[in-house]
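Residue numbering begins at 1 within each chain, and the chains themselves are lettered A, B, C, D and E in the order written.
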Amino acid sequence: MASGIRLENLRKSFGATDVIKGIDMAIEPGEFVVLVGPSGCGKSTLLNLIAGLETVTSGNVLIGGRNVNKVPPRDRDIAMVFQSYALYPTRTVRANITFGMETRRVPKDAQESALAEFAKLLQIDHLLDRKPGQLSGGQRQRVAMGRALVRQPAVFLFDEPLSNLDAKLRIEMRTEIKKLHQRLGKTVVYVTHDQIEAMTLATRIAVMDNGHIRQFADPATIYENPVDLFVAGFMGSPPMNMIPGRLFHENGQVFVLPRSARERIRFPLDGPAGQGEGLADGREVMLGLRPETIFAAGAKLPGPHRFLFEAPVEVVEPTGPDTMLVFQIGGQDLIARVRPEDTATPGATFRFEVDMGKAKLFDAGTGMAL
Amino acid sequence: MRARRTDGIVRPSGPGAIALRVLLFTLLGLFCLYYLFPLFVMVSTSLKSLAEIREGSFLALPRAISFEAWAKAWGSACVGVRCDGLQPYFVNSVMMAVPAVLLSTLLGALNGYALTKWRFRGADIIFALMLFGAFIPFQVVLLPMARTLGELGLAGTVPGLILVHTVYGLAFTTLFFRNFFIGVSDGIVNAAKVDGAGFFGIFFRIVLPMSLPAIVVTVIWQFTQIWNDFLFGVSFTVGDSNPVTVALNNVVNTSTGVKEYNVDMAAAIIAGLPTLLVYVVAGAYFVRGLSAGAIKG
Amino acid sequence: GGTVEVLHWWTSGGEARAVGELKNSFEAEGGTWIDSPIAGGGGDAAMTALRARVVAGNPPAAVQLKGPGIQEWAEQGALADVEDVAAAEGWDAVLPPVLAGIMKYQGEYVAAPVNIHRVDWMWANPEVLAKAGIGTMPTTWEEFNAAADALLAAGITPLAHGGQPWQDATIFENVVLGVGGADFFRAALVDLDQDALNSPTMVAAFDQLRRMRGYVDPNFSGRDWNLATAMVMNGEAAFQIMGDWAKGEFLAAGKVPGQDFLCAPTPGNGFVLNSDSFTFFKVSGEDNIAGQKLLASLIMSPGFQETFNLAKGSIPARTDVALDAFDACAQRSHEDLLKATEANALVPSMAHEMAISRSVRGEFLDLVTEFFNSDMSSETAAERLAAAVKRAM
Amino acid sequence: MARAIERRLPLIVVSPLFAVSLFFVYGFIAWTIWISFTKSGVMPVYDFHGLAQYERLWATPRWYVALKNLFVFSGLFIAISMALGIFLAILLDQRIRIEGAIRTIYLYPMALSFIVTGTVWKWILNPGLGIEKVMRDWGFSDFTFDWLVNPDFAIYTIVIAGVWQSSGYAMALFLAGLRSVDDEVIKAAAIDGAGPWRVYTGIVLPALRPVFLSVVIILAHLAIKSFDLVVALTGGGPGFATDMPATFMYAFAFQRSELGVAAASAVMMLATVCAIIVPYLYSELRGARR
Amino acid sequence: MASGIRLENLRKSFGATDVIKGIDMAIEPGEFVVLVGPSGCGKSTLLNLIAGLETVTSGNVLIGGRNVNKVPPRDRDIAMVFQSYALYPTRTVRANITFGMETRRVPKDAQESALAEFAKLLQIDHLLDRKPGQLSGGQRQRVAMGRALVRQPAVFLFDEPLSNLDAKLRIEMRTEIKKLHQRLGKTVVYVTHDQIEAMTLATRIAVMDNGHIRQFADPATIYENPVDLFVAGFMGSPPMNMIPGRLFHENGQVFVLPRSARERIRFPLDGPAGQGEGLADGREVMLGLRPETIFAAGAKLPGPHRFLFEAPVEVVEPTGPDTMLVFQIGGQDLIARVRPEDTATPGATFRFEVDMGKAKLFDAGTGMAL
């Protein structure tokens, strides 16, 4: 039932502007692939190419092994959920959902039973006779989902389907989508701006930038082992702290000396980051420390690779479950995520502890992970 | 008209504000008088007897209301040798205007839809070239059009007139619908494509039902234009198939005999009644439709 | 039997009644009558429609069309001849030769006249004249001017007039006839002789016209001729210079000629001829051709000519119809017609499209109207008239 | 195969309509241009005759009157209709409860045909029947309002009637435009200290530029095509003081049987239309590509 | 310079629908008050009432001690930043910013210097001659801020000013706003949907629901001591876990017995939650446990009030910095926030530890905190 998708050296230009610049990608049947990337990087365009809503400039799109470059959307066996839902405003919820089956001349009773099944599943069975204008955002979203699901296509495409919902509903719908995917096992390609969504839904995440795919891997790998500065900086909120500095060796140990740091702090690379190759003395690097790996000294269970340092706190931002402490090293704003009970006062010096076992190291020039 | 969210803004109060408000309503009222004045003259004249018209001032209200002029204009005024009033010609106009309005609206919608939602190479040029048709003075096309109708065997027939109105209405209807469809999200069309609908399926089942505001504006505009047309009607129809404007002209523009002003006015109102009615009934939708995108802005 | 479609602009009053007569007679003979009335602008709208119809290849069988217009359409090959009817009924013998000539193209009848109108009539309200102490109708322009001045002094509008180009031209051509005589009229307004157009006589004519402009009430612009007639009838004005269709208005209002109103020819001892006619267009189909012939024959029948002209105020085109049923003015018209024919003082009307093509007539109308509505000098007017006519030829 | 047809369907639908337009608009324009170079009189003839008709046209004083009238009329008509349209739209925008009724009153003249409009206004403006008479009957014996019959002023009566008929439409367009200005922008201006006057002049009206353009185009095209109104109201008179290119063309084609001159004047009119429409189309299409 | 705001029994109806249903609120000069609440609860309406963009139905609005019910917006000495920025599209950035001063006839040179100052502050000095259409979202946002700031009013009103920005820019702008407030010390009323924004910016948060204010207190109080279930459920992402149950006493200790829990778990209320009054045996309550107070057993430093329990994990959602574990108690989905390294497999039983010192207790009937 689920089909794989292959993109072969896919390119797309609008007039003179290249938007998709040669993408190769193989999506296994049943996978849940999430596309992330900054605004305008070409995510929607890529989805449209797969859907057949835009023609490819060069390269191939294969769905279930079949080249569909010239196949119109309706014959690709796909369904799509749009950011703005794109419900048919003049049709009732029922008619919205059955429209795809009508056009395919599915028998009436088969339509009815499919409708009933998914309306129940999505808890919209009491809304079937309303028009989209009479629905709340979350309800619309579910109708859009229902419209896509009911046709039981081989591939689902989602273009930021949750971005118009409020936080609570978003979390709910996210869980729904995850459950549905697990139940139906269809191939899904999903575009989102929301990193939590990406991390929790995806079997693999593709990080796009400017028409290219930077990294295509499972969520843990993306988060733990970003291939470059772009991916590292893109995932995580607040984003990974980046400290420009220089390597130096002492006593068989590699350290990072932050640039222009008056504080004379040196971060020991005693974790995996220190095991890489080419860690030559004096090399310009970027040290990446995620906010949650910096915490109040003594606040967490003792572990290996811990490194203590002190710095004056600039801003204290309690967010509820956590408190963010903004401090500076080498004139660079850094953020630490500490527990609400680790009280700090702006201006006062604070003792931080950092788990260097989770530090990342990037080449300052190329931005590639070392 | 949608409620404005700016209506609640706290305004200065006090005598100055009240004076302004009074001024506002005075102005609005004065303009109402300006616009209603001719209609008033028409209606009150049509309800007077000829004798009263001759004696009194045209501003005076009728002393005794009489519907005789109306009855005559509708059923027994002479148009040439026929003395059946405007009634038969009124029917002609309906037979002509209804299909022409529907046809030109439908084709305009189809055109606008194809040009905006299925953009193909040259769509803009095609649109620009078609739009020019809206601005061509009709006297210019009279003779070649007559010739063409003759060649088509449609000379002097109602279908011929329908063709003429449809052709020259197309530019405006396309313009209205195109401007409306530009504002309609492509997402809906894309969704329908993915849902398996084709060009016509999307048009008839999704897009057309959505375009009610544009349809209202277009139908009103086209209906007014076509119903009120005189030039094409007089040139391309024969005697009994004349539209009501031609008949009205025959009643009003006579050069002999006593001028029956009351009948003239009654006839004029009767001939204008359908369009008036359309504006009164659908006027609100007209402005709403205009703001829904039938104009640029 | 047969079918005939008739395009005309006689949509009301006596005219419409007259056409109704024709329709009734036609239907009495078993024919089918399709009426295509198009009112407005003295036939302009009808001409527009006619052109469209002919271009479309779908002309009506008979059109109310007259004068040189007949020749123009004939030259386009658009007309059908009814020579067999005319020959059989001997039209040549009963029509004034000037009129017969207009009805023929290359010697064959293509049109049938229904009437003869006299354009050079002057109508007056005797009561009003009496008030200003005017006993008789003026016979020269000098007398007219004197009478008008007297009326002005008495606070009465001397001349009822409607400011429409054709009405301006009507006065103009009557003035030309009165000032220059029939030969000059023919030279200037029919043969379009440049010397005549730009002559002192023409300047004198314009001078007289300028004077008459002063006798008109300030509110004359755009007024229909029948409203001007009503002014005379109601005593608001003294004179109107207008063709004999004006008489229809007087009669319709129950006025008696010689008693409630006076008629007299304008100065000049001529006769400015106007005639309505039906012109026959080429139609196809037995039925239509039969209808056309039947109509031609009906139009020229003495019975129809009498009824029609009684209704319309003109005199029959046939000279052999007895005028006993007609009023004094019509009888005077008939006498003058015969006299003028003999004296070679019968001229076709320029203003009413009997003399010259529509394009040249248009130039006349433009200029006369402009003269009437501005303070152009008579000399300039004559010069510009000559130039305009030259341009249009 | 079916798929290929399907893919071209939009083009297949548009093409015949486009072809019809090409023929009925551009074909006929071409025909007119050709006729303007012939000696056509009563009926069209097709032998080339050079520029004679244009020379004739530009030697005809009446043509200059028509042109001058066109400029006077369209200038005043467009300016007054727009000013009145904006003014009324702003008045109606002041939270008037009976707005719907008033709007309908302002808009209804648009529904009436020229014969109706012309007949009534002719009567109202006629010095012997209308306002002047009424005022004099009321005792203002010196009151004079004789524009209709005064060659120097008659053109302004056409402006009066034209404005009466079209300003409501301009009002509707402007009102629609006003209503489409973002509410928050107006609120922002209110907070920024702008009174109603400043809100309109400083914020709302400048945002209506595209609407202005649309209104100008629609009014301009009404002005250029203004044939009906002139015929109904003054018939071109007094004299030909209110002649316009459209009536000029009509008179020459159908009253005078001078198709050639008429065609030449039509070509001049088309050129004027082009001069106005082409920049509009350009901006319209450039806007669509944004 | 900064003015306080008082709302006295404020009500607003649109026709028959009551939107603001009697609000009393006193905002001190210089405070930064954030309004939060579900969509449609009346936040924008309340702001509009303060601004004078809507007339009050009854009650009073006082700004700086003056009743402004009948004072038009321009005379209230306020500035407002709108969600859509509401820049004047036809005016340049410069003219947008100076418009408010022009209408107030501020002298030209005073305008210039104010403009220069704030343009510099907001880093938009290079954009002054552009039109809004030529700006990016973040730049527009700053122009809108500039327009409000430059007039130096006594009160600032913000209606979801950051909701149209992407995540990264949002964090940046949030910091800017905080800095500006600290610098200028003006009174601010700020509407947002974003809880982090609310928590980090506010000196006090007002939680609105359905035209009422549920709680008006400083962020920590709102988060730590919500007055009722609504406030507790509204703040926090993922939201607080709510476990319906019954109280019972044993050995002088109060426990919560979750309803219909087959697992026979009982939560000891040994923290502050157990100190309340009216904790009668058998009382129906809701036990509130925030996800971050439930963690993997032994993952955090030992502390008081810890309670261990086991439950099978249903869903594992790694979000990057944390991992969410969904498990059930009494048929109720609960979420625990654990460290990424605390691996769990769906279906397997997991040992959780919960900090009962942070547990909240609510009456099941009224929803009020006990």
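We take it that contacts are C-beta pairs under 8 Å (C-beta built on N, C-alpha and C of every residue); 3 or more make two chains touch, one makes a residue touch a chain.
This is a predicted model, so every value here is computed, not measured.
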Least step count from chain B to chain D, where 1 means the two chains touch: 1
If a chain touches chain A and chain D alike, it appears here: B, E
Of all other chains, the one whose Cα centre sits farthest from chain A: C
Chain whose Cα centroid lies at the greatest distance from that of chain E: C
Pair of chains ranked first by number of touching C-beta pairs: B-D
Inter-centroid spacing, chain C versus chain A (mean Cα positions, whole Å): 92
CA centroid of chain A to CA centroid of chain E, Å: 25
Intercentroid distance (Cα basis), chain B paired with chain A, Å: 55
Approximate Å spacing (C-alpha centroids) for the pair chain B, chain C: 40
Multi-partner residues of chain E (each touching 2 or more other chains): 48, 52-53, 72-73
Interface hub residues of chain B, defined as touching at least two other chains: 6, 9, 142-143, 145, 198, 231, 249, 252-253
Set of chain D residues in contact with two or more other chains: 6, 44, 187, 190, 250, 253
Complex contacts: residues of chain B adjacent to chain D: 1-2, 4-7, 9, 24, 27-28, 31-32, 34-39, 41-42, 57-59, 107, 110-111, 114-115, 118, 120, 123-124, 126-145, 148, 167-168, 170-171, 182, 198-200, 224, 227-228, 230-231, 245, 248-249, 252-253, 261, 264-265, 268-269, 271-272, 275-276, 278-280, 283-284, 286-288, 290-291, 295-297
Interfacial residue positions of chain C with respect to chain B in the complex: 5, 8, 10-16, 19-20, 23, 33-42, 45, 48-49, 51-53, 55-58, 60, 224-227, 245, 248-249, 252
Chain E - residues contacting chain A, complex: 38-39, 166-168, 171, 175, 178, 193-196, 199-200, 219-220, 223, 235-239, 290-292, 298-301, 315, 317-322, 324, 337, 340
Chain E residues touching chain D - in the complex, by the definition given at the top: 48, 51-53, 72-74, 78-80, 82-84, 86-91, 99-100, 103-104, 147, 151
Chain B residues touching chain C - in the complex, by the definition given at the top: 78-82, 142-143, 145-147, 149-151, 155-156, 231, 234-236, 238-240, 242, 246, 249-259
